[in-house]
Amino acid sequence: MNIDTSQLFAIFGVESLLGLLGLVLIVTDLLVGKGRLTGPATAVRTLAFGGLVAIFAWSFVLEPGAEGALGTLDSFALFFKRFFLATAVATLGVAAPYEDRLSAGRAEFPTLLVFTTLGMCLLSSANDFVTLFVGLELVTVVLFLMAAYRPQLPRSIEAGIKFVVIGALSAAFMVYGIAFVYGTTGSFEFSQISAVINAQESLPAGLKFGLLMVLVGLGFKLGAVPFHIWIPDVYQGAPTPTTAFLSVGSKAVGVVLLMRLVYTVMGPAAAQWTTVLAGLAALTLLMGGLGAIPQTELKRFLGYSGISHAGFLLVALATHSEASAGAILFYVVTYLFANMAAFLVIVIVSRTDDDNHMDRINGLANRSPFLALVLTTSMLSLAGVPPFAGFFAKFMVLRAAVAEPALVWLVAFSLLMAVTSLYYYLCILKRIYMRDAVDTGFLEISGGARLLLLLCMLAVFAFGIYQQPLVQAAEAGASSLFR
Amino acid sequence: MGDALFYVFGALMVLFTFLTIRARNPVYSAIFMILSFASTAALFVMLDAFLLAAVEVLVYAGAIMVLFLFVIMLINLRAAEHDGLRVSPLVVLVALTFLLLLGRGIADLGPVPAGANELVGTPQLVAKTLFTRYVVPFEAVSILLLSAILGTVVLARRSGEA
Amino acid sequence: MIPLEHWLYLSGMVFTLGLCGVLMRRNVILVLMSIEIMLNAANLALVAFNKYLPPDPATGATAPDGQVFVFFTIAVAAAEVAVALAIAMALFRRLDTVNVDDVANLRW
Amino acid sequence: MDMLPFDVNTLTALCWALFVIPFACAFTLINFGRKLPRGGDWLATAGIASCAVIAITLFFKVIVGFGAPEWAWSSAAYGLSWDWISLESLQLPVGFYLDNLSVIMLTMVTIVATCIFFFSQGYMHGDRDYPRFFAYLSYFCFAMLGLVVVDNLLFLFIFWELVGVGSYLLIGFYYDQEEPPKASLKAFMVNRVGDVLFLLGIIIAWQLVGTLNYTEMFAVLESGAFADRTGWALAGWDTQTLLTLSGILIFCGAISKSAQVPLHTWLPDAMAGPTPVSALIHAATMVAAGVFMVGRMYPYFTPDALLFITGIGALTALIGATMGLVMWDIKKVLAYSTMSQLGYMMLGLGVGGYVAGLFHLITHAFFKACLFLGSGSVIHSVHSQDMRDMGALKNKMPWTYRTFLVATLALAGVPCFAGYYSKDQIVANALSWGLSHGVAYYVPFVFAVVGAFMTTFYMFRLVFLTFHGTPGDQHKYEHAHESPAVMVLPLVVLAIFGIGAGGTIHPLAEHGNLWFNRLVPEPASAAVAGLEHVGADTSVHGESYETYLEHFEHNLHVAHYPALIVSILAIVLGILLARRMYLTKATDPAAVARKFGPLYGIVCNKYHFDDMYGRKGVVGGLMFMNRAFAWFDKNVVDGIVNFMGLAQRFIAFVTGLFDKYVIDGLVNFWRFFVRALSSILRLVQTGNVRDYLTWTLLGVLILAITLA
């Protein structure tokens, strides 16, 4: 088998550039100002930011369609590559005000970020299990490091160790599952596996077992019940930029792979799993919803909120239609903006003492009306209140789900949980507007952070009021999955 | 003859694995684990995966286990902290159910697997596949190893050091 | 010749033993070792499956995909272990323990 | 359709102006309010006043210049709609829709709002957040006007939510006090319960009809060309059931927004907001939006859905009125009265009185706003909301008293006042509904009459306690004073509307000749309660559609005078009883209360609705569950674990017989068992990673078994 290099770069252009960028960052770190803390960090950060933005911009030049044995660059893959690049840029933005807390590792953080982003982009183009596994491990292992990135802090290490144990175990299950899928279908390639699956009347138990084990591995990424347990702990313990990246990037990795597997690989055979997926969706919504109520720690709270969002994504996944796939793509983008804004606000308000207790945001409206407005927008969008983007995302998911009469109960239930979740989002708003500030210190917001916050807020507004371009992109991405 | 060897090494692998997880002293665990991996390497040979057998011994039993031993020595646990298995009924239940499900899966593998084929895992053959069909994941692994190095260095640094 | 099922039963037993190790040991290093055992069992299954797959009709030979995958697993496992042990070392240095049960401050 | 009172572009521009002006005012005030002279109140007032001018212009153009009741204008029909989303799979154009109903609604909203803006200048004077108040108020007007002019259900829903946000902000305006933040949260939450059901209804309707544009929806209903819903048909749902189901779900939105039983509990609490807010949002406009929406969607409701609406409306009318009887807080009385009147409107719509219900919506808005502002004027003057602190205020506040009295008479439905014409129509419709359908269907009529009696009673109780008799608190009485002109003038304007909104003062005017009846055409289906989409050959209660229609018309005619006489009797009775108990004190109210002992208690406790939802109910239950699990985890589990540890040592020490492993196993088993119990409940978050793994794997296995 010969490989066509030009085709390879057509498909993996983004990844190649990211790899290059990472290497450049390492070299820069080594060359610039040895022995000083801030010099290399600033250089690396600026370079990483510029590089990521450039690659992100360049990704819009790319045309979907290139497809080869080694990978695929359909609209779906391209959509997610852009998504992951945007996530990485936003995470760098969240990390900037946090940088002094990363102390010794501040120069390496952007490099690691670039490398996980590479893994994520690779995953969105994967069309065989080998690439899937290696890409997933690249993402996961680097995230282990980023979670334990402040080894002086007990909670960061705790997050790291829990994440490692759970992540490594899920990887082991995944390999085992892949082995069974391989053994019962004779290939690692999605297209061939799909052919074997859909040629059979009923799936052999060995293949089912293998697929289930693979889904277990992906379930961990998505954070769906019963794989959600690690989320609150790791979110709480990890450094805030890592948490931000985890909450959006890692979840999206789960989404992108589950969509590939369920829609492309399993295809019509996945219809038998609808009920189970629907049940999981309901449980996930319940866990996320009830778990968030008593929380008093911001990041932990957002962890539970993330679980219930995973529930909504599962509702769409259970629906198994092109419309629902489009809804998922729309959903993750709105989630990206709302979540990143929230995490950046957390970084800013906890600046003085690194404490993320909810008291931090008490009376925020008086301390910084701008931050209060941003956080309000983001919470309302996460809660799904119109006219913010989150509302429309939920609306699209539910509209797709209603087309499936068997899922009406699930739609009703998810609406019920949406109301429940509104309760705790409103409690946050109450703290912002109706409590007196615990901490009255000056909140320093750098120009870059202000810009990022503004951007996120505008996006949440804009996609709530005018969705056309995003919906169009999402639908294009979704339809390429079903071809 | 070949069949008998399978059962011998299979039994050894299970035995050493069991000893690994139940030994109270982590050092013993590590040594049993090396033996378990050596048995696996022998089984790989029986499956004609010669390159992998060598890699298994070199990387797994050699490099990875040395790393484990190194860390165990470094941490130097007090003997009082050694503990064995904490058997709980729930875990046993989970393990047995898992085994049961696995058994069901193995009993029904579908039409695809046939009899043993002529495949021999020579370095040439494996390398050819690795560097053509799987060149992308191969590059990704190199990035993975690079970031692992980068990250572990950061973690190992004491705060304040550059 | 040994039937494929026997290979798989062997790998399944080892995998389950590894799982028991993860769930029943408190020492984080042992937990990591157990996970390696599970990966190793999965590797055995992969190689066995590869040996028992029919040849590709086009080339007349079976591709060594499963063996290549094992190659990747071993490489990834090495990286994973390095990172995991680094974090375990950090844990030991900061909290003076390697016991996973002692690390339960983040909860509820 | 071809002739229009305006050219198309002008109409579109006016529609834009109607909601863009208030929004611009809100935006300016929230950002620069503090820098503007007088906090920018003039800007907000000018903004809403210009909206009122636009609305009144439209109104006169529609009536004087045009006058055709069938007039309806949809910008989409003239190609003036905007593709909000336009994809193969998803089409969502949005435009404006105006007809007589929406023009009347616009006029009412803007006039009432203008009065209230003026009133607020006096009432809120000196408040530290004065500009913020006007900003919120303008924002609210933006959302409310947007709600009226859009041409599809989804956008109505979006504005509906925006209105809710405005209400949330304004109820919680005094955020440093204890009550308002709680009340605002409650209002928002309760509304969301209805709103998600509303949303579900919208989604189902979309699935069923294939469009959300009003005109197109009704066209589909008429032609029966429903969207493809093979999946649904397979699942055994027929069109009629789906229509009823989605209709009821859509109405659920109105249940919460218009404070209908059982989601009414937020309305009395919402009185924690400033009084002008209560007048604007919680009496005249927002709560009426539910009624407006039901009117808009009227042809969509099947007879079964309308029956549901009737039932809810009748219950609300009665329950609201009974609760109004026992309140001492002047604003709470008015709040329950509002709730009861909204029930009347729903009842009217439900029994087929499309015109009657909507007419009452308009007249009620004027006099109820007047009542609220009047109470605001009183509160402003005596600094108390308790009626026991008031009394004899008519001497001190003559103009407030006069306007208040006029509005009270209008609310009671005394002939010649505006409320009389609309309320009487509702009662007549309810009676004719009973005549048409049979004995059991007289219930709404009975509820309506009893409600009318109670309404009169509690309103005159309020008037007598507040303005007549002797001062309840001498000190407060002495400091009471008439409010400034900026507050009194709006009262006068609204009181004039309280008389004039009926359009006539002839007590025996034919219903068909009233201005509203002439302007707002009944949808063809109204008489038989939304049977249009079922087809003309459908039978109703064993009669053909045609016969039924004739009977209904006939019954309505028959019902007019009996209904009128009965309701006037109820009113007279109510006034006399109130006079006897609270003015001449011939009967001791306390004795009456004692006589009705338990009943009185139930009513005073607001029928325990709040308990059902609050601390003792749903929310409380959730919180309690959470706390219980936490407590269980912290105390019981740890306690048991500790105890087992002790027991283990004890047994090992005393007997030395047990192998350490056995005990260990037992303890572990017990720990796992108890933890299992509590952890499952307390979301499995023990913090121990091995437990996490075990539980996750258990979940996986259950999953595997389910799938296998």
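Per-chain residue numbering starts at 1, and chain names A, B, C and D are given in the order in which the chains are listed.
In this section, contacts are C-beta pairs under 8 Å (C-beta built on N, C-alpha and C of every residue); 3 or more make two chains touch, one makes a residue touch a chain.
Please read these numbers as outputs of a predicted model, since none were measured by experiment.
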If a chain touches chain A and chain B alike, it appears here: C, D
Report, in whole Å, the distance between the mean C-alpha point of chain A and the mean C-alpha point of chain D. 39
What is the distance, in whole Å, between the centres of chain C and chain D, each centre taken as the mean of its C-alpha atoms? 61
Centre-of-Cα separation between chain C and chain A, whole angstrom: 26
Starting from the mean Cα coordinates of chain B and chain D, work out the distance between those two points in Å. 66
For chain C, write out the residues touching at least two other chains, lowest number first. 4, 8, 15, 18-19, 22-23, 26, 31-32, 43, 48-50, 52-54, 65, 68, 72, 76, 79-80, 83, 86-88, 90, 100, 103, 105-108
Touching two or more other chains in chain A are residues 130, 133-134, 137, 141, 144-145, 148, 151-152, 161-162, 165, 169, 180, 183, 186, 205, 208-209, 232-233, 294
Touching at least 2 other chains, the residues of chain D are 630, 683, 685, 687, 689, 693-694, 697-698, 704, 708
In graph terms, with chains as vertices and touches as edges, which category applies: line, ring, star, complete, or other? complete
Write out the stretch or stretches of chain B touching chain D in their complex. 86-91, 94, 97-98, 101, 104
List of chain A residues in touch with chain B within their complex: 1-3, 8, 12, 19, 22, 26, 34-37, 69-71, 103-105, 108, 111-112, 115-116, 118-119, 122, 130-131, 133-135, 137-138, 141-142, 144-146, 148-149, 151-152, 180, 183-186, 196, 200, 203-210
Chain A to chain D touching residues, read off their complex: 161-162, 165-166, 169, 205, 208-209, 212, 216, 225-227, 229-230, 232-233, 273, 276, 279-280, 287, 290-291, 293-294, 322-323, 326, 385-387, 391, 395, 398-399, 402-406, 411-412, 415-416, 418-420, 422-423, 426, 430, 433-434, 466-468, 471-472, 475
Given the complex, residues on chain C that touch chain A span 4, 8, 15, 18, 22, 28, 31-32, 35, 38-39, 41-43, 45-46, 48-50, 52-54, 65-66, 68-69, 72-73, 76, 79-80, 83-84, 86-88, 90-91, 93-95, 100, 103, 105-108
Contact residues on chain A for chain C in the complex? 129-130, 133-134, 137, 141, 144-145, 148, 151-152, 154-155, 157-162, 164-165, 168-169, 171-173, 175-176, 178-180, 182-183, 186-188, 232-233, 236-237, 294, 300
